[in-house]
Structures are given as C-alpha cells and as structure tokens.
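A short write-up of the structure that comes next.
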Amino acid sequence: MSVIGFIGLGNMGGHMARNLLKNGKKLIVYDVNKTVTEQFRAEGCEVAQHPADIAAASKEIITVLPSSPHVKQVYTNDNGLLKTIQPGTLCMDSSTIDQIVSLEVAQLAQKKKAEYIDAPISGGVTGAQNATLTFMVGAGNDRTFERAKAILDLMGKNIVNLGAVGNGQAAKICNNMLLGIQMIAVSEAMNLGINMGLDAKALAGIINTSSGRCWSSDTYNPVPGVIEGIPSGKGYAGGFGTSLMAKDLSLAQNASTNTQAPTPLGSLAHQIYRILARDPHYQAKDFGVVYQFLKKSNF
Amino acid sequence: MSVIGFIGLGNMGGHMARNLLKNGKKLIVYDVNKTVTEQFRAEGCEVAQHPADIAAASKEIITVLPSSPHVKQVYTNDNGLLKTIQPGTLCMDSSTIDQIVSLEVAQLAQKKKAEYIDAPISGGVTGAQNATLTFMVGAGNDRTFERAKAILDLMGKNIVNLGAVGNGQAAKICNNMLLGIQMIAVSEAMNLGINMGLDAKALAGIINTSSGRCWSSDTYNPVPGVIEGIPSGKGYAGGFGTSLMAKDLSLAQNASTNTQAPTPLGSLAHQIYRILARDPHYQAKDFGVVYQFLKKSNF
Amino acid sequence: MSVIGFIGLGNMGGHMARNLLKNGKKLIVYDVNKTVTEQFRAEGCEVAQHPADIAAASKEIITVLPSSPHVKQVYTNDNGLLKTIQPGTLCMDSSTIDQIVSLEVAQLAQKKKAEYIDAPISGGVTGAQNATLTFMVGAGNDRTFERAKAILDLMGKNIVNLGAVGNGQAAKICNNMLLGIQMIAVSEAMNLGINMGLDAKALAGIINTSSGRCWSSDTYNPVPGVIEGIPSGKGYAGGFGTSLMAKDLSLAQNASTNTQAPTPLGSLAHQIYRILARDPHYQAKDFGVVYQFLKKSNF
Amino acid sequence: MSVIGFIGLGNMGGHMARNLLKNGKKLIVYDVNKTVTEQFRAEGCEVAQHPADIAAASKEIITVLPSSPHVKQVYTNDNGLLKTIQPGTLCMDSSTIDQIVSLEVAQLAQKKKAEYIDAPISGGVTGAQNATLTFMVGAGNDRTFERAKAILDLMGKNIVNLGAVGNGQAAKICNNMLLGIQMIAVSEAMNLGINMGLDAKALAGIINTSSGRCWSSDTYNPVPGVIEGIPSGKGYAGGFGTSLMAKDLSLAQNASTNTQAPTPLGSLAHQIYRILARDPHYQAKDFGVVYQFLKKSNF
C-alpha cells in the first residue's frame, strides 16, 4: 500500500491526518513541532526529518500550513519537497495562501512532472475533527480532481471542483472577505439597534427573516445570548481568531491589488481586524469580538 | 361602517390602499398627486382636500410617505392631521423615517389623546401588491398592537410586535443598513473572484453554501446571469433604487450620531450609494448596480 | 453706554467676555453654571435670570454655546431671547453648530426685526484668552458685518467677512473636517514610517518640506517628542478633545447629508473619533491621541 | 574619466540623465524604448544592449524604473546587473518601490561586494528638468552617502541622508500616502463648502490660514480657478496621474501589511484612486481630478 505524505499537523492538519489514519492509510509526516510529530510516531506514522524525505517516500502529499512563505519554503528550501519530488506525484495544498503563490508553486511542480492542486478548506476545527470539511479545489483537470477527491473524501464531505489551479484560493479568499465584512456589519447593526432601544433577539429575528440575513447573523451572531453554543456566548473563546481573519483579509487585499479590483469595504474591514489583532483585549478572541469593540459600555 | 384615512398613494401606498378596498373597507384618501387621487375617487373613495379633513372624518389613519419632513408636515402643518384629530384615533405610519421624528410625532398625537404607532414595511412593490408585506410595529402596548394588526393584516402577512413606539423604525433602519453594506460586499467579492479567474455561478455557489452567504448573494445577486428574474438580469431596472438606499443609510447615520454608536462600514456604504445616487448612470437603477460601478470593463 | 449681552461663559466664552470687560464694556451675562455667573457678578457684570432678561436689556448679544440644541433653546424657549428681543438687536452666535440651525434662528430673529450673524471661532483657549481668535463671519451684508466687527475686534485679531448668514458655520465645519482627517492621516503615516524603521523627527522633517506637509504635521505633530510644547508631548492633556472633534465631524456629516455631497474620508474619520470618544483611555485627551490608538506597542 | 550607468530614461529619468550630461558626465544608458536610446546615442551616450553591459562598463549606476518587478528584473535577470557587477560598484535606485524589494536587492548586491542605496525622488517632472529634485537617501553609512551625493547633487538640490538602506522608500511612501489622503480630503471639504454656499477662493483662504492648511490646499488646490498654473486649472492635464497615485498607495498598503501598522484612511484612499485609475474619464488625469469625481454637477 502506498504511503501518504502529510506536512503541517496543527489545529486543522492534525485532525485531518488522523482521519486518514482512521481510514487505514499509512502516513509519513513532518512538522516543525517535534512534540506533535512524536505523538504521530506513537500512532504508527513514519516521521520525516525534512520535507524532502516525504517527497522521496510518497507520491501523494498534503500540506496544511499557516501562510504563503511557509508553503514556498516547504517546497523550495534546500531540503524542500521539490528537491526529491517524483514524476507523477500529486501535491494537495490545503493552506489558505496568496493565489499567486499557489500558481508559482504549481509551475515549479509541473517542471518536475508533478501535479499541484490548491484545496483550501472551510468548516473549522470541528469540521476537521468530524471529516465534514468543504474542500475548494483548483485541480486544473477532472482526472487530477478525481485522483485528489479519493483522498480528500476521507477528510471532508464536500469536495468542490472549481476548475483551474488557483481557483480554490480565489473562492476561499472571496468568501472569507465577505464573511469578515458581514461580521462587522452585523455587529454595527446589532449595536445600533440595541442603542435605539431594541431587544437583541427581536432585532436578530427581524434581520434573519429579512433582506439583511446572513450567516454572521443567523448562525454566528456576535451578540452574547442571541444564539447558544457559539463563541459569542463563551467570552469569544475558541472559534476563528481576529488575527486569522486579519490574515485572510490581507490575502484579499493582495489579490485586489494584483487584479486592480476595488474593494473599499474589504480594505476597511482589513484595517479594523488589524487594529483588533494588535490589541491584547481582542487578539486571542473569536472574530465576533468586533461587536465588543464597537459596543458602548464595554470600556 | 367606519372609514379609514389613507395618506400617500405612491408606489407602495397605492397598492396597500387598494388591498383595503378589496377587503371591503371604505377609504378617505389624500395625496399631493391629483391624478392619483382622481383614480381613487373613481374607485369609490372619498378624496380629502387636506390631511386635516382626513383626521376629521376617520379614527384610523395610515400614512406612507417618503421622508421625515413629509411626515412631520402632514401632522403639524396648518391643515395637518393634528389640527382636527379626534381622541382615540389610531395613527399608523408606514413610512421609513428617523426614529426621533416618530417619537416626536407620537408625543404630539398623545397630547391630543390619539395613538401613534410606527409600522415601516419590507417586501417591496410586489409585497405591497400581493398583501405579503412585513410590518415592523412599534405600538407601545399589546392592545394598540392588536387594534392595528386587524387592519395591517389586510395588507401584509407578517405583522411583528416590536414593543415601544419607535422600535419599528429601529428594526427597519438596522436591517437596511446591513442590506446596503452586504450588497456592496457581495459586489466586491464577486468582482474580485471573477477577476481572479472564477466563474460567477461557481463562486456564488461556494458563497451560498458557506459562511459568506446572505440574501444579497443567494436571492438578489448583483452579477447578471447568476440568478434569473431579478433586476441584475434586466439592466438593474426596477427593484430598490440607489437613492432610496442612500436615504435609508442616511437614517442609519442619523441614528448612529444620536446614539453615538460607531458604524464604520455603514458610513462608508452610505457614501458609496451617495456617489451612485448623484451619477446619471446609476441613480435610477436598482442598488445592485454598485457591482457595475466596481467592475473593471464597465467604463 | 450700551450694555452687551453675553450667554455661555465656558472655556471659550469666559475669556471672551473678560476681554470685553478689559476694553471697558458693560455686560449682562447668563450661564447655567451659577458659580461662574457669581464670579462675573463679582467682576461687575449684571447677571440675568433667563436669556429673555438679556434680550430685554441689550441690543448686542453674543452666544457661545456647545451645540445646536443649546442655541435653539436659548433663542426659542419660553424664557428665550426671542421672547423679548428688541427691533434692531444684533445677535452674534460664536457657537459651532449646524448651518441649518443658524439659518433657522436667523429667520426667527428677522421676524422680530433683529439681525443674526453666525461667527464661529478658531484659535482655541489661548486665542480666546489673548484676544487673538479668528472669527468666521456670515453677516449677510457689509453694514451688519461692520457693526459686529467693532465688537468682535475686542476678542479676536482676524475677523473674516464670508458673506451670507450660515457661511461662517460652513467654513468652520469644512476646515475642521479637513483637520480631523489630517490628524488621523499624519498618525497613520508617522506610525507606518516608524514601523518601517524611520526616526520620527527625520520623517516629520521630510514630510514638512514635501507635498505631505500640513498643520497636523508641522505644528501639532501627534508623535511625542517631535514638537515641544504641544499636547502630544504632555500625555495629550489639554488641547482639543476627541469628543469635540467627533462633534464637529458630526456637523460635517449632517451638512453632507443635507447637501448630498459625498465625504468618504470625512465619514470614516467621524467614526474613528466616535470610537475614541467612547473609550475611557482616549475620551478626555487631545485629538492627536489617535496616534496612540493606531500605534503598535500601546496596548 | 569614469562612465556612469543609467537605466530608465522615462519622464523623470530622461531629464535626470541629461542633467548629468550637462555637467560633463559620460554615460552608458539602457531603456526598453529604442527610440529614446537612439536619441541619447545622438547626444553622445553609449547605448547598452542589456543591463549586464552597463554593470560591466560602469561602477556608478543609476536606475529610475516604474515598479518593484522592474527593479528586480533589471538586477536579477539573465542579462541583469548582478551578472557582471564589479566589486565596489555603487548602485543608486531612484525608483519608488516596495521597501522589502530595496532590501532584497541591497543584499544581493552586497554578496557581490557592491553597494546599493535607495534614493527615491520628489519634485516632479519640473524638478527633474531643472535639477531641483529632492532625493530621500537610505545609504547605510555616511561614506556611501557622500559618494552618492556627489552625483545626485548634479540632478537635485536637496539630498537627504535618512540612514539605513530602505529608509528612502519608507519616507517617500509615507509622504505620498499622506498626500493621497489629503488631496481627497481637500476635495471633500472644498466640495462640501461650495455646496453649503461658500465661494471656493474664500473657503481656500480660510483653510490656508487655519488648522486645515496643507500642500494640497495652498499649493495644488484641486478646484479649478483657486490657484493658477496648476493641473486643476488645465483640465487636470499633466501633473501626477491617478494611476501613479494608486500605485504609490499600493506600496503603502504593502508596507502596512508587512509591519501590521493600521492605515484605515490610507486604505480607503487607495481604493478611491483605484476606482479612478480604472475609469477612462479619470485615469489619464492629475490626481486632483478626484474633486470632479466627488463634485455634484460633473456627471
């Protein structure tokens, strides 16, 4: 049986790798955190010294890394994947990074007769744990997509074929820009309405059955007490942090500049999360905490 | 049988008044447009010379007017409603106006021992025509709400009791601020994604099943061809005009200033619609035309 | 000798009134703060019970009040100026308020055959103390301007004739909107440059001799240590508070909405000062403290 | 006598190179535009086939290029400067580019034992023509600065020593971000004031003697007729184009993201110029044309 290479065993990647193990896959793994790799060794995985060891041992490689430079390094460093990559290898990158970097790495892989797809994910830590993630896949062609899908199916429930390489990042970045704006917008509207005398639940009720409805209002409302079981009800602990949102919005701004597409609300949302991400009161909190930033009696 | 007073027979009010007629109600009507009032006379309504004639003849009065000053004038002018209003009269204002003006007029009505509720509407011209409007009602108490509901039921299908007078305006303004922001945000995200290489329908598909979903994306998408039968597919004809959106956002900004609630995205959205509302290419179009304003090859 | 009426003896008005006394003028004064009026009584002024007493006793009346509603009340209340105002009276309002309110009050005064000019001031507490204020005067005609100038000259050194009533407010509001934007812009640029490795004084030196120069950079730089003797060097104590700036920017936003003039940066600046004005760390500080809000290591 | 290498003979570089010729310097030049290089050949310059020819022939090299990728290519391409660069060469880059690229290229030059300074310029085409430019120099040490100054003095009148390599770009980027914001801010304030009834010159007069004064108001006012002899009086022809401003603001946004420094007004200004730079009515015009974009009767 072939071995799957897995690089990046963090909050998301760790759960994803374990779902492969649960499905009986053999893994060779790499992460900078040695405590984590030792756990995976204990669970029966081979542990690589360098990404290059992975490419030498496996022809199906998954990467789940924090940012564009990390992906670039894992591929192009002296001990990087490209050093030893075998013809016919399928590289699946589930990091959320600049589209331009995905395209660059794809080209480098192609020169080595390997395939590279971008397959960023949504669904959060819970989705990673329960193998219910959505993968937004830019595979370039249907055959490559099907080859990837056979593996991604073990970690998610919704594998979307978006066509050209880079399209996965595009979809992820656009969705998250929209999300980042909407969370601030819902926070503004809820706070304004409460200041005008409305009950929070009554206002959310109106919005959620009207033209203002959105996921940030009807599923992830940032006002404590409106919806149970989400971060806003638990002091904004857990969830999707303000600095991760600031990072995703910076990818959207990079893409805007590259394509010259104007994004006035996207850029303002980026600045607002940047302010939060630098403030100790907000930086470790779920991005819904922007409601507290705007709220009157919070200070 | 008692007669209902109706002031403001425009795009919305005209249909609403006719739904009362269909339900067998007797009306006394007033509008500045004499062509319209003659039509209503031909349909069997009494036509008043002044608002004051309405208040003298009816104890249930509906107003559907374009802006705060119009409402104030209809009530307080020399020939206004307050001149002749009878104790026990119920005034139902379905205009979308400043909350502060609703509260002022309510107080003036109370001095004359009349009741005033704010009951702004959503659902558009189609909703007005088909009697499927939502009424957001600030009635002050349940008895008054029930008295109003008996009439509003003839014009809408969803009559929401929001409590204190002014709360109807608050809910309407907050929802529409959110809507105005989301339409720009969806336009930015769709335009960015298309510039990054995505197919518009594929991108909308991702967003509408992800955390970025909202009414402006899944029901009223501003990109031509994504959804059939809405203004974006018909050159942005009909629908909800940019200048109406600019007006609703100005109400939100007034409320923000009154309550000192910060609304950074709301204020930027306001400015963007103001720019559109002053440009002949955009001012008579549905507010989804902001997508064309942001789009690359449009100029 | 005629007596001058003076209403509003606060931070600015108090110094202004004393400059009239120094020039040998007789005053009748009014303020809601009785401690202050007793001081003026001790300095030889008559103290009025109500604004109406002032209008009965004086034909030259100066008002220096915090906001539009205050001005409206002082004129139109039951014991307001308009109750007793004498034909030929000259009302000089040095408050910074909505232009629309200036125009309203001017009209009410005119009905009583009195004159009303708006004459908002710049120059701060120091200028008020040293009689070096600038008055931006909307007098309507040159004769009225000259009549006012004879008195304003005792409190300022620069009395500018801007023509129609309301033009004083227009000039003040536009200048202060520009100022509010520039202070944030200088804070952003200085903070960015320092984060990029520049010395603050070297950067200010470049800006102040280049196309980016402005008063907020070369005279009132918000970075501590760049310029001596201003609030940024004293923990942002004194100076022009964030809530006063938020108020002036709200006047600019009201005027933008009335005239439909788009002000995207003005509206964003307004929101930023509103956020500061509600935060106990910033609300009592000079408006240059926005630099600290944006600065990295501040939190 | 030694020969100076010069790469980039556009609007700015062309005049700068001619000022060196006027001072008796020998030049070897390179530009992608062959018409331009033939003119320089006719004026007695040697013309290089590739940047590498320049580095082989000269130990003092000036580059004036449009953007970061151009600079990177001229240095690192197969026939780039680094291919043949001689130890002890002084590279002076007067392009306005990302600080991060300046630092990268400086490091590559250092590996070849050459020196690299960033020396972006201000003063416009007129300054380039009349040798009155300001050079903002990041030279790393005083000896290198003095070596560069001996040459830069022939093209400018103000050579500022800002210390570390990269500091020139930092100063230029921060100044221009401030400039871009101020031009929009002045346009907003002038347009608002005119809409409120003020005469444009009277308003500019107040601002220019008050706390709102800045270069964009007192030297380069965007309202036609306020100042003579500048682009706003000539249909916004000539001057500094909207797309150049959009580009400089994109450098500021890149720097903001790299340093995590929040720049809310800078990012909104960036988006506004991006909208202008994509509109045929505005894209070839001086950046003061933003006034026309905001103005009421323009459409």
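Brief remarks follow.
Residue numbering begins at 1 within each chain, and the chains themselves are lettered A, B, C and D in the order written.
One rule holds for everything that comes next: a residue touches a chain if its C-beta (ideal position, glycine included) is under 8 Å from a C-beta of that chain, and two chains touch if they have at least 3 such contacts.
Everything quoted here is computed from the prediction, not taken from an experiment.
Repeating the A-B interface with over half of its contact pairs identical by residue number, the matching pair from C-D, B-C or A-D is C-D.
By number of C-beta pairs in contact, B-C leads when B-C and B-D are compared.
Taking each chain's centre as the average of its CA atoms, chain B and chain D sit 50 Å apart.
Look at where the CA atoms of chain C average out and do the same for chain D: the two points lie 39 Å apart.
Remark: chain B and chain C have CA centroids separated by 38 Å (rounded to whole angstrom). Among the residues of chain A, those touching two or more other chains are numbered 256, 260, 262-264, 268, 272, 275, 278, 294, 296.
The part of chain C that touches chain B in the complex is made up of residues 250, 253-254, 256-257, 260, 262-264, 267-268, 270-272, 274-275, 277-278. Across the complex, chain B meets chain A through its residues 99, 122, 134, 136, 158, 160, 162-164, 166-167, 169-171, 173-179, 181-182, 184-186, 188-193, 195-199, 202-203, 205-207, 209-217, 219-220, 252, 255-256, 259-266, 268-269, 272, 294, 296.
Interface residues of chain D, counted against chain B in their complex, comprise 268, 275, 278-281, 293-294, 296, 299.
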